[in-house]
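Two complexes, one shared chain (subunit A), two partners (subunit B, subunit C).
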Partner chain A sequence: MLDYILIQAANGLVIGVMFALIATGLTIIFSILKIVNFAHGEIYMMGGYFGYYVITLLGVPPFPAVLVAMAITFLFSIGLERGLLTPLYSPRIERKADYGILITFGLSVFLRNIAIILFGPFPLRPPSFIEGSLAVFGGLMISYDRLVAAGGGLLLLVALIWFLNRTVWGQALNAVSQSRESASIVGINSERMYMLAFGVGGALAGGAGALIAPIYSLSPSMGLVPDTQAFVIVILGGLGSVSGTIIAALLLGISQNLFIALLPDPSRGPSYANAFGLFIMMLVLLFRPTGIFGRHAVAMD
Partner chain B sequence: MPDTLPAIESSLSARNLAAGYVSGIEILHGVSVDAVPGQIRCVLGPNGTGKSTLLKVLFGFLKPSTGEIRSGPTVLTGVAPHAMGRHGVAYLPQRPSIFPFLSVEVNLRLGAWSFRRRHADVKRKIERAYAQFPILGERRNQTAGTLSGGQQRQLEFARSLFPEPKVFLIDEPTASIEPRITAQIYELIRGLARDGKAILLVDQNIKGALGIADYVYVMRTGSLYTEGPRTEFGDDVELLVSQWLYTHHAAKTA
Partner chain C sequence: MMNGTPPLIEAIGLAKHFGGIFAVDHLDFEVHAGELVGLIGPNGSGKTTTINLLTGHLRIDGGGVRVRGQPVAGLPASGFAGLGVGRTFQITQLFSRMSVLENMLVPGLARPHAHKTHVTREARRHLEFLGLAALESLAAKNLSGGQQKLLELGRALMLNPALLFLDEPFAGVNPYLRDEIIRFVQTLHEEGRTFVIVDHDLDAIQRLVHRLVVMSRGKKIADGPLASVRENQDVIKAYSGT
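== the complex of A and B ==
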């Protein structure tokens, strides 16, 4: 029994790292552009497909394919930002939050359907990073692909934290999230930061999609569930806090998997997994509306 | 127009500025001001007359509906705020424009954004800032939001010097700051003028501002009521105040 719980916790950690990649992207976009990106799950999905086709059509090995997929998702996201979000920065648009919701929600439906047309409705599975499984905890197995996904994801998160805290571009992003006015006073062009934020956020989601593809396969609707979970995590982590988001993602991933594992009827567990996350979110919103790690209120403007 | 001052070329000049936040409702109606090297020019006037709006328009946060802003031969009307530094203009708004959740050191590094690739230059300027304001050096790793109001002002001043601007637009530098620090801040502004910078100062603290001003603009309900060299207004601050207060009052009751 203990072995089973441990392996479920390990699986939860893998999922938690994937959640963290998706949710940190969402939170970066939220804190810089001040919009909720409802198409974030679809960008994660696109990243998975980019990785798949980079491997199958271009013959790139699986590991570098993750980086190539991230680069493509980065450019793809910037294209979306330039094409659809620039009206947000114009003083002529008054209800910016509403515009952001409508345009990203529409984009999410569009991308999901265009994926069905382009990639087909059936699940696709790229080749494994490393075939086989590691035997742990007396007979229970954990696949190498899961270890690669968790390890790769953690590396990306460390790189992200380094970028945000140690590079002048990361600090400039942080500055814009704190005050657009002050940022422009020191000469930072906020529009370039919006591009960068949307690109980096998209690349993180795309990386998650490419890392998780060999485990769960790709499908046009794969972004729906992680997207919901990412909203839960971003709220838990306190809107706009990257470290809070990472901690909340790991906690949710692990606790959700343990919840599934400990449910009396484990076969029903997975169906309750989403409900569990949303239940936690309701509790947090009731008792700590700024999130567990929220540092300050964020105004939508 | 007074002719007691020698003709000096201004670093920033605005002619006939009209502007407002909502179309159709103007806050400024045809204001002309100059920022002149080595001079502190002070914009005074009652609350809500558009003094802060004037500085926002000059720095590009608000586009004027008519009028022109120039720096020598360069037209600055319509230039975005983030590009104003390149034209030698610095802006210190009423609330210190620091980044409260970033450390003092990172705040200073961001002040060097426009020349961030010249690493040696950035480092030298940050060291110089620490030498000028030792408290900033002591607290370099603290987040800027934990500094006192006066220290935040010092941080902002130190940072604004980095790109070596020619013009400083300063809005209420001593608002909600303890009196002991107030004198220091006016001394800082005076020092800038001595270094040949052009200062345009908006202030509610009439006594403090007149104590350092070379030239005075008095605004009333969105336009210039009167202007002239500080000496022309005499030493009687009370008179000046009552003068525009009285006319303001008279205009309201008329």
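== the complex of A and C ==
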């Protein structure tokens, strides 16, 4: 029984890292552009498909394909930001939050449906990063693909934290997130930072999609569940906080998998996983309305 | 001032309307290098809007702005910073969760080819000048209102601006700090920086500036040396509301 719980916790950690990649992107976009990107799950889905086609059509090996998929998602996201979100920055639109919700919600429906047309409704699975599984905990197995996804995801998160805290670009993003007016008077072009934030957020989601594709397969609707989870995580982590988001993602990933594992009928577990996350969110919001980590304990608020 | 040298900044027929009301009504206004100008007027006369238009914070509805003779229509606020035009805000706008020193470093590091050691040394020199050196590791949000105003001035200095717009630097500061700010502005002016100061504190303004521009209902109603503006009947009328 203990082995089983341990392996579920390990699986939860893998999922948690993927959640963290998706949710940090969402939180960066929120803190810079001040909009909730409802199409974030679909950008994650597109990243997965980009990775798939880079491997199957261009013959790129699976590992570099993740980076190529991220680069394509980065450019794709910037294209979306330039095409759809620039009206947000002009004084012509007064209700910016409403505009942001409507346009990204519409975009998510559009991308999901265009994916059905372009990629087909059936699940696609790219080749494994590494075939096989590692035997751990007395006979229980964990696939190499899961280990690659977790390792790759952690590397990306470390790179992100370095980028935000140690580079001029990261500091400029931090400055814009705290005060757009101040950032502009000290010479930071806010519009360029909006592009960068949307691009980086998209690339992280795209990376998650490409890393997870060999484990769960790709489908046009694959973004729906992680998207809901990402919203839960972003709120738990304290809106706009990157480190809070990462910790909340890992906690949610692990606790959700343990919840599934400990349910009397584990086969029903996955159906309740989403509800479990939302239940945790309700509890946290009741007792700590600013999220677990509030808004003050972070580098990149 | 000098013939042949274009003004540092120039507004030509500058206009901005909100709904049907002209906040700035075809304003002509120029500032030459080395000047220390006071811009005054009753509430709602368009002073802050003028600053916002002259620093790229608002879109111009009519007329134009030139910096050193070059038209700068459509330039974003960040572009003005690059041209050496700095500003402070009526309500201070700091990076509140950053430390005092970090607030100073952001404009320095945003400059091309910035070197961190050099920028940090420069920031500390300015903090020393403004009397904020002991507070450098404190979060900006924990400073008093007056200290925040000083920090905002210091942050603007990090751009090494030729021209600084100060929007109500004396509002809500105690008399001691008010004298300090006057002294800082005087020193910086002697070092060669040009200032435009908007404030309601006429006493402080009179101690500082050489030239006074008065606005009322979006229009310029007086512009000249202190003494002549003080006796201008239009100005007295605008202030007494008759």
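Details
Here is the rule we go by: the second predicted complex is superposed on the first by the 295 of 301 C-alpha atoms of A that agree within 3 Å, B and C clash if a C-alpha of one lies under 4 Å from a C-alpha of the other, contacts with A are read in each partner's own complex, and residues count from 1 in each chain.
One rule holds in what follows: contacts are C-beta pairs under 8 Å (C-beta built on N, C-alpha and C of every residue); 3 or more make two chains touch, one makes a residue touch a chain.
This one's a predicted model, so the numbers in the text were calculated from it and none came from an experiment.
Once subunit A is used to superpose the two complexes, subunit B occupies space that clashes with subunit C. With both structures placed on the common chain, the touch criterion links A:171 to subunit B and to subunit C. Of the two partner chains placed by the overlay, neither subunit B nor subunit C lies in contact with A:268. By the touch criterion stated above, A:179 is placed in contact with subunit B and with subunit C alike. Once the two complexes are overlaid on the shared chain, A:82 sits clear of subunit B and of subunit C alike.
Contacts of A:125 after superposition on the shared chain: neither subunit B nor subunit C is touched. On subunit A, the surface patch touched by subunit B in one complex and by subunit C in the other comprises residues 168, 171-172, 174-175, 178-179, 181-190. Those residues of subunit B whose C-beta lies close enough to touch subunit A in the complex are 59, 61, 80-83, 85-86, 90-91, 93, 97-102, 106, 109-111, 113-114, 116, 159, 163. Listing the residues of subunit A that touch subunit C in their complex gives 91, 168, 171-172, 174-175, 178-179, 181-191, 296, 301.
If you check the complex, the residues on subunit A that touch subunit B are 168, 171-172, 174-175, 178-179, 181-190, 295. Subunit C contributes residues 55-57, 59, 76-82, 86-87, 89, 93-98, 105-107, 109-111, 114, 155-156, 158-159 to its touches with subunit A in the complex.
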